[in-house]
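Listed after this line are the structures, all set down as structure tokens.
Look at the two complexes coming up: chain A is in both, with chain B in one and chain C in the other.
Let's look at the complex of A and B:
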């Protein structure tokens, strides 16, 4: 009896969640395709011209370019800098490692607004604020710790004796990294990369504080489109929101094709 | 083929001395075992030889040439690890080929050598499997094949059998012995298992707290332990603290209360010296002789069926307990007269502290 009630509750929750999501997304999607949509359940006529309008008016080609540049660069930098850091943290124990790790991961725990404003002030002072480089630098502040945080357990599970075996049988230090550590940490690298990528595309606060006219990412451009002065047809803003959702979804699908979640489980489950 | 590997090594971690001036010369084709309890420094010794850790002081010479400055990849050694340390992302074949690829050997040569190595460890047909798909014994055989593939100048084995079950351990022991002999290897083997050390080695070095306690052939170590520690490690289960009463060549008579034992000495002892008599359970026999030196009486306190024989614990008159192995069953509580043959009793100098 209790089991059945429980299952019913879960079922109702899932149905509610899906309906809600479908409602919100469906509304935006339909609105972006409507010629006009007032007091009727569905718009009278459909059109795709709002997409062309949004693309033109909001300079979406440029915004998309910035978004992908920022996301790609932040992901690459977070992995290139984060992997050696994660390796050192995983392999070496030292006094005060615990508190240091906590301090290090603070940007992940603290709301971004709290340090975003002083960070922006500093970066503007050095004339990096308002540029694409500024947006990248600011995004790296929480994303580098995130990458390390995700990579750490993946590196920790690689037994030191594997490195030793590689050394004894002929691998140089660099050879060990190339032939043993990176291949074994690959699921971790892909996972960390995926999380950093999606989080950077979706990051609002830091990008909002740091971006200028030519360095807005999609989510910030969307915000300005909604709240900036002047009237804009709501249909065009919805079209832009659909583009944003499509981009995030595309990134996610593309990344998930590279990183199979089952593969992560398989790797973690493995003995060394 | 090398002719000798000579080293003298000291390793400290902070104030702790892990290895205290361990000096040894291993000849070509020799099988040397470093035997000792966990934490005695034996694995550290192997890691120092491999170049995986740096000695605090000392040197390593291979055929007279110093190699302690070389990084591990340039020493030309092979190593087998306790946890196999196979690369999980590579197939069995790629694992065995690992060292050959790094040495830049040709494709055909590598393929042929991998095939031969797998044949040698009886794993033909396993080249395309992954380590995770193999049993523990198979994985360890792959690890051995990987170490042998590079034609190591010295093969280092770090407790390679301790993760295997008893039956497999016995099987692999034979395998290692066969490979060592067939390939003319020079091997240094580290273990805490005295049976492995005795069956495999040309020479055994016993290590305790980073120091060599005794070194010699398996028979020497087995029959003529020089300390209580070594005797304990070599299966002597009965130890009686005594005082030397008289000496005569390499036999002495030692006493404690009513107990009088005559036995062999390895280390010279004088009358009045504190000593410990050691005897193996299987060397004690039942007797009908009258009481005298080396004949003791007692009451059976515990019996244990061991298959071919019976383990018996006997409470001796005057306090101490004697553990013996008997061919025939005895009942708990019955009286027993036992003889400790003087040629099987070893009288050792008493040690400070625990044995």
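Let's look at the complex of A and C:
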């Protein structure tokens, strides 16, 4: 009996938490569609005009352009730099591997505000701060290790004997990489790429510290809009928030559609 | 030779963009605006009550929030270890706040918990007059951090707990242990390392809180955290040297928190209970 009550309490807490989440997200959604909304359960009249207003006033075409440029470049760079490193870490043991893994772990562990300030100081000194290049360079610091650690188990799944077989049959080193390793690691590359993409779009602190007037991503622009609440109608700020949410969710849904990490790993396992 | 060429780009990048700025920041913090090499920045920080109290303000947010988050996440994850109704839907819902990020959650909390939000409307209609203010103060920041970090902590612990062999629990039951004894003597020693890791991560994130403290809090008073102080020095007073000093203090506080958690973890590991067959990680 006591066990039952306990489980019921836990279940109610979880339902409460999920409802609270729905409320938090739902409020933004409803508010973005409201003409006016004051202390009633739902607004009296609905409108979509705030989206057009937000698009115009917050210059979202430019902000979205920066967001996609930053996220795309960071993803490409993280994969190009990270894949060889992940391959090596998966295949070889060598002296100093421990400290090296620690070096890769630290940018993920240390909070971005802590190393973001010295990083921003350095980049502003070399005049990279405040530019799109600076935002990309800073975001790559945590995203490169993220890509490496996501790729690592995928590379480990690929049997070494496949590489040997290809070599025996006369493939060059580059040929092995191009025809054997990369195709087999494709699910890993997709997973890592999408994770880095979502994380970069949603990454606030480093982008915030490094971005200037023309280099704000969507989430930083949203921060400034919320920060200056009262300058513009709150409905338009919420419309911008919904646009941001749509971008993140689109990438997330794409990620869940395209890659089911567990399935991919299982299938590769069986093929060995 | 091959080893070097494959790893070199990533290692070089992190050395230049992570290690070098860190070292540069520490050195810069020792060279205050007035010139020379001294600890003047640190002395000034600790002697100015307006600055020094940010440590206390941050800790009074980060410590209770970490304890609450980890405790509730542990209870829920432990209760859900055998599966639960609607489990997939629930875990999918919980990924949302992690994916959406702090700024969006902050804006949503300002609306939902705000004076005219659905929660206060519901409380009013239930006859609970005089609703308390939940946003733009300490409570708001606690709410925002909890909404943000509970799912993260819960999913981590759920993964950890599901990795424990169910046969261990079954054997303990067969040998006559009650639910509490199963938890205390069998499961807790296996879960404790996971709880320590989750707690450490949540604490470190909480101590660096910035966007929530500004957007849902009271950045000029009750929730002026140390990250806000560092940001203001850097981008409002343009004193990069002082800002670096504050960032160093923030990092040291986070390290101190980690040390305490690791110390507690070691103390707990010393209770003589076997910890073999721990979770999958």
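By our rule, the second predicted complex is superposed on the first by the 246 of 272 C-alpha atoms of A that agree within 3 Å, B and C clash if a C-alpha of one lies under 4 Å from a C-alpha of the other, contacts with A are read in each partner's own complex, and residues count from 1 in each chain.
As a convention for this text, a residue touches a chain if its C-beta (ideal position, glycine included) is under 8 Å from a C-beta of that chain, and two chains touch if they have at least 3 such contacts.
This structure is a prediction, so every number in the text was calculated from the model and none was measured.
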Room on chain A for both chain B and chain C (clash or fit): fit
Partner chain in contact with A:184 - chain B first, chain C second, else both or neither: first
Which of chain B and chain C A:109 touches, first, second, both or neither: second
Once both complexes are placed on the shared chain, angle at chain A toward chain B and chain C, C-alpha, multiple of 10 degrees: 100
Partner chain in contact with A:162 - chain B first, chain C second, else both or neither: first
Touched partner set for A:172, first chain B, second chain C, both or neither: first
Broader residue contact with chain A after superposition on the shared chain, chain B or chain C: C
Least C-alpha distance (whole Å) that remains between chain C and chain B when both complexes are overlaid: 14
Chain C residues within the chain A interface of the complex: 3, 6-7, 9-11, 13-15, 17-22, 24-26, 28, 72, 75-76, 79-80, 84-85, 90, 93-97, 99-112, 116-119, 121, 147, 150, 179, 201, 204-205, 207-208, 210-211, 214-215, 227, 230-231, 234-235, 240, 243-244, 246-247, 250-251, 254
Chain B - residues contacting chain A, complex: 47, 50-52, 71-73, 75, 77-79, 81-83, 85-89, 98-99, 102-103, 132, 143, 146-147, 150, 156
Complex interface listing, chain A residues touching chain C: 3, 6-7, 10-11, 13-14, 17-18, 20-28, 31, 37-41, 81-82, 84-85, 87-89, 92, 94, 100, 103-104, 106-107, 109-115, 117-124, 137-138, 140-141, 144-145, 148, 198, 202-205, 208-209, 219, 222-223, 226-227, 229, 234, 237-238, 241, 244-245, 248-249, 252
Interfacial residue positions of chain A with respect to chain B in the complex: 159, 161-162, 164-172, 175, 179-180, 183-184, 270-272
